[in-house]
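Got some structures for you, see below.
The following pair of complexes shares a single chain, chain A, combined with chain B in the former and chain C in the latter.
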Partner chain A sequence: MRLSTEVRGDVTVIALEGSLDSRTAPQAQQEIEALFPEEGLVLLDLSGTTYMSSAGLRVLLLIYRRSQNGGARLALTGVPEEVHDIMAATGFLDFFTVAGSVEDGVKALTV
Partner chain B sequence: MSEKRLAGSTVAILMESDFVEPEIHYYQRRFTEEGARVEFLTRLWGQESITFHGHEYGNPFTVSGDLEAVDDDKLDGYDMFIVPSGIVSDRLRYTDDVNQLAPAVQLLRRAFERPNLLKGIICHGLWLAAPIPEVVRGRRLTCHNNLVGDARNMGAIYTDQDVVVDGDLVTGRSFNHCHEFARMMIDLVAAARAPRARQLVAAGAGAAGATMGALPEIAGNGSNGHGNGNGNGNGATAVISGLVAPPANGNGRAAAALEPVAPPRPPGYQPDFTFSDLVAGYITGYDPASDTIDLKTNEGKAIQARLTSTTSAEFLRNLGEPYVDATGHLDELLKPGGYLFAYGIYYPENGAYTFEAKRLVFLGRQADEYNFERPDWWVRQLSALAKFYRKAQFGEGAPIDYTNYRTALRLGGEKTSGLKGVQETDTISRLVYGMASAYMLTGDEDFLDVAEQGTAYLRDHMRFVDRDEDVVYWYHGIEVRDGTEHKLFTSEFGDDYDAIPMYEQIYALAGPIQLWRLTGDPKILDDAEGTLRLFRKFYHDPEQGGWYSHIDPILLSPHHESLGPNRSRKNWNSVGDHAPAYLTNLYLGTGDPRHAEMLEETFDLIVGHFPQEGSPFVQERFHADWSADRSWNWQQDRAVVGHNLKIAWNLMRMMAVRPKDRYRQLAVDIGRKMPQVGADPQRGGWYDVVEQHLQEGQEVHRFVWHDRKAWWQQEQAILAYQILAGHTGDAEFRRRARESAAFYNSFFLDHDEGGVYFNVLANGLPYLLGNERSKGSHSMSMYHGAELCFLATVYERLLLDDEPLTLHFRPNPDGFADRVLRVAPDALPPGRVRLDWVEIDGQPYQDFDATALTVKLPDSKTALRVRAHLSPIGN
Partner chain C sequence: MPNALVVFEAESAVPNVVAELDEVLRADGFDVAFSTPDDLTMRTEASPQPDLLMVSASLGLQRVALVGQHFMVDGRVPTIISFPEDDLSALEECVEGGFDYVTPPFRRTLLRSRMNSCQEKSELTTTVEEMAALASLREYERELHIAHEIQSGFLPENLPVPAGWEVGARFRPAKQVAGDFYDVFTIVNGRRLAFVVADVCDKGIGAALFMALIRTLLRHTAEHTGASRLVEDEFLLSVDGEGAGGSAAPLLSLGAGPLVQAILGTNRYMARNHLKQGYFATMFFGVLDPVSGVVLYINGGHNPPVVVHADGRRTLLPPTGPAVGILPDSSYTLGYVQLDQGDTLFAYTDGVVEARDIQGHLYGMPKLVDLLESNRGSDAETMLEEVDASVRHFAGHAEQSDDITTLALRRTPAGFAGP
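Here is the complex of A and B:
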């Protein structure tokens, strides 16, 4: 599990690579929180994730809640099909802005 | 101080062989020194006298007083009655006929029937009370350390002190404390004989006790443990007696005692200003000439209330009923035995207080009538509650739309304004519970609709199906902002922040499971099984038993450091709350032995780990290894009164599932102890959170934040004492149930806005500030109020009053896989209730089991309407 971050215009893009499961989730959670700006726009790029377990989903939920409590706006991109299906089935896909690509995500957040 | 304080009084002391020489010789000299006549009594076995020998030195001591010759007059002439140390009590409790009480035991019982006679029991003397435990039940006492278990088995509240005063009973630890014990006895009798005390006593006891000169003011204080915390020996009794209202000057009845004695201020603080307060009590007398009512409180204390020209009176009324004035009928209503609440003003004057009542509430029209024992009282209340919440959340008669549901409701049921609104999983679940229960009792399908749509909403919006782990868990809730939803994944409450508390998962099941009992909807059962897997896989401690209170949201581990003070902890909620919230109902609906096993584990853990030495309360929080956690957050070393009562109630329910003596014992034990430490002896009702242990110099368990009374704790008391009375037939439990229901129905029903109040002050006035003003919040919603109405109906009718009960069910076509509908409304003692008749879609139906309380449903393509009529089986 590796994280990287870059700033595109007003948007902080955080990219996740590797497997997000119960083993890596606590670390990922901490690192994402550290990279997360107090306010502004954040795009979480999941295109590099190879696997996401329910623990990974819970990380997304916590990140999401953090954004709700703070002043940040959050969007997802590169959601793998399998993860997309699980998020749809568990009913929380609707609560994220999901974009097809990083560019679309940046656009969606800055509109 | 050369005056003889006991001049003219008589001290009776029981004697036998194996007495403790220094003790007996000390009494003989010490009481004589104070001017008392000391009379030694024993069983003479037809002889003139008997010479006994001491335990330590074999000293001889000759006794000629015959305890069998002590008639009532003679007994009335004693001022003290002492059971000494040594083997005296054991010898005296010998009885040749095992069906008869020994003469000394009979005499002791007669002594206890006289509240004006001060009883003293020291060291092993307590043995003599063993055949008549009712005389010490619920009372604070001490005894030899070897007898602590015996004291508790007698139902007494063992108190770890050298000398303990409980009203007309003084106890001492051992003969080594005979001097302190004797001094306390002397002080108390001397205080009672002092002129000022005599005046207050006569005034306070009113007509009933105006002639004696001894101890009722002490008797009034003692046995409740809530008298007045600032006492110091004599001062304490004087302060308490001061709170007993005297009659007005010129009241002929007690005038003789009202000599113009200027009372010195007793030590300690005594309010010298007017204040208003509530009194709850049984009428013992009424004098229309002087407008004076004599009352006896729940704990037997005498109080006098005066009526004024502006005193109003009303009858207890239910939600939805109009005010019914009683002011014009006082003469007929103020009959002995009737129970009433009097709210009024205390005036400090003439060295005491005059209490003038301004508002009276009568519980019924006759002494033995309690409006809340009418068969339909609780059903109507439940229906009114359901209508209140229906209207508040969705409008009256409007379509049920849960997107409009809001957890926060104001006092009148309005939703808080603004675009932001939270929908908590647990408050919806609790609403569903209340609505499903309301349907079961009334058959009103609108309530069923609210329950079904609420359950569907929970499933669609609050449920997380974790496919990796094959478990289901529930979001804390969702927040609706600008018309869109935002999930609240982990708890939003300070106690549980950023964790998944067991408590919330448990209560997410409360509503759906209650609904499932009606419909058999298999989707509900699937979710419940998934949540139970969550409990087993992640919360359960397979090594040391029980369930952890919190897990972290990422790894679902109870041991993760992010949990902070909730790491590796177990508590009452995580261990015990399964039973009341959903598990008993799940077992009732399924009959599945797995659920009975889980219940059994729960209650075995409670009886195994919760009771503690040195406190009348259960311990509620634990580390993984069951050692007590006395440092957690707000709980520290504190007890929630309602949790103790809830445990007693649910242990008794468990007696109908898998009975064990230890369950009953703990339930009865809590039921006996709680009134002394958790109830308000003066005003009725039950307190909230108190310190578990008394500090040095304290006699009353301290309130942690306030002395308010919360609605849900009253519920626990009512249900606990109803079911205890229903199982045991014990009149004291029945009385407690009534007194608790009287307070709840008199002060918690909001006749102006609807619903019930969250908290009232100690005096019964609603407390309407901050969160406690709300009607829909976490835990409030429609759960406890509805559960009370539902189960009070069941217990009152089926276990206490021998009244039948008709229940409504609405099984789905695909519901109840085996097509067996289980209609028992609660865990009822086997053989007490039978299923009389069943009706399906309005037609009589025969395929049911009258003793198992089950209906074999017909095959059907539509949902059925089932009515099941249950009757108690007479003894």
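Here is the complex of A and C:
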């Protein structure tokens, strides 16, 4: 599990690489929170995510709630097909904005 | 060759003391290096531990201790032997501070004997520390075993089985404690059979604690919701299922109130009281009318159970709402399916379809559906056994990474004696 971040205009793009499972989730959670701005726009890029277990979904849920409580707006991009399916089945897509590409995501957040 | 490091203050050193020490150590087969305390502390990185660290007592207790700190690895400092140059009171200070010592004239045998006793002391300390670590590991394992025992108490001891039906379940946790659970119990004065298969997100102790909470909320709410109580939340509901063509009949069914209350109540409780922890559960909650064979259900983001019909059809029961605990105002659709004689409803957790073999391949949904269909005529127990054996065979020696839970409900065909 590796995280990287870059700022595109007003949007902080956080990219997750590797497997997000119960082994890696606690650290990923901590690192994402550290990278997460207090307010503003955040795009989470999952295109490098090879696997996501329910522990990974829990990380997404916690980040979503954090963004709700703070002043940040959050969107996802690069969601792999299997992850997309799980997110659809569990209802996560009902509250996450999902963009097709980083550019689309940046646009969706800044509009 | 073992190496020794001798640390002393170059300017004030008493030359023959250091030279004598050097000679004796070399004679004893040591590679000898010298350093001043300033040289050591100037280095920003920790130096490799020497086999023997000899420090001049003239540095004073505090600086002797600092030299030791410099070589700290994993919280442990090497054994330090202090030696006096010309000031015996400085040596006294070090000895009182807990350091070992040798005094000139240095003799090989004396030095060797002191080193050996230092070594033994250090080994003894290590052994004591290892034993303490082992004891705390045992303590942890004992606690985990207790957690396992307590959690077992949150699974039903016996499954109620209505006449003309077969009900069975299998539960194989990946670790001592699990996030999966199943439950089977009667509601509405025994007129309905409630059954649940659920998977709390993540695993380990956290998931296990929430399993206990969620199982309790579901069962308690379902058992204590009167049959007549159809909800103020009716607007959150719609009906979906085989016969959903405008029929409102299932809504009036006895089991609908407890089912809906259990799911909505648990969801609300979780989202209101445990938001910060972020735990949620996917679950299939069904309510069977043993007389008609109608199953009302809510599937909260869970793997779709498979109904294998005796007439050759196959029905999947996909989610009718989101996982429980993610949003306080989630809405759920009530599904229903009719089980006729010889039909089996098979519910499971993702530990089945996401079981992996040693190469990392997934067991997968198609394999499960094929297996269930090839067991169309089997009774509930056989079906559970077949799935368990198939998953075990597939996984081989690969480590079981997730809890595996299965539940089968079958309406015994006519002419068969019930179990």
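Everything below uses one rule, namely that the second predicted complex is superposed on the first by the 111 of 111 C-alpha atoms of A that agree within 3 Å, B and C clash if a C-alpha of one lies under 4 Å from a C-alpha of the other, contacts with A are read in each partner's own complex, and residues count from 1 in each chain.
Please note the rule applied: contacts are C-beta pairs under 8 Å (C-beta built on N, C-alpha and C of every residue); 3 or more make two chains touch, one makes a residue touch a chain.
Since the structure is predicted, the reported quantities are computational estimates derived from the model, not experimental observations.
Asks: Pick one for A:A89: touches chain B only (first), chain C only (second), both, or neither.
Replies: Both partners.
Asks: For A:S54 in the superposed arrangement: first (chain B), second (chain C), both or neither?
Replies: both
Asks: Kindly classify A:A25 by the partners it touches after superposition: chain B alone (first), chain C alone (second), both, or neither?
Replies: Once the two structures are laid over each other on A, A:A25 reaches both partners.
Asks: If we overlay the two complexes on their shared chain A, which of chain B and chain C does A:L62 touch? Say first, second, both or neither.
Replies: In the superposition, A:L62 contacts both chain B and chain C.
Asks: Overlap of the chain B and chain C footprints on chain A, residue-wise?
Replies: In chain A, residues 22, 25, 53-55, 58-59, 61-62, 65, 89-92, 94-95 are touched by chain B and also by chain C.
Asks: Under the definition above, what is the set of chain A residues touching chain B in their complex?
Replies: Per the touch definition, chain A meets chain B at residues 22, 25-26, 29, 53-55, 58-59, 61-62, 64-65, 68, 86, 89-92, 94-95.
Asks: Would you tell me which residues of chain C are touching chain A in their complex?
Replies: Against chain A, the touching part of chain C is residues 199, 201-204, 275-276, 278-280, 282, 300-303, 318-319, 321-323, 326-327, 330, 350, 402.
Asks: Going by the contact rule set out above, which residues of chain A touch chain C in the complex?
Replies: Residues 22, 25, 53-55, 57-59, 61-62, 65, 89-92, 94-95 of chain A touch chain C in their complex.
Asks: Contact residues on chain B for chain A in the complex?
Replies: Where chain B meets chain A, its residues are 460-461, 463-469, 479, 484-490, 498, 553-556, 560, 562.
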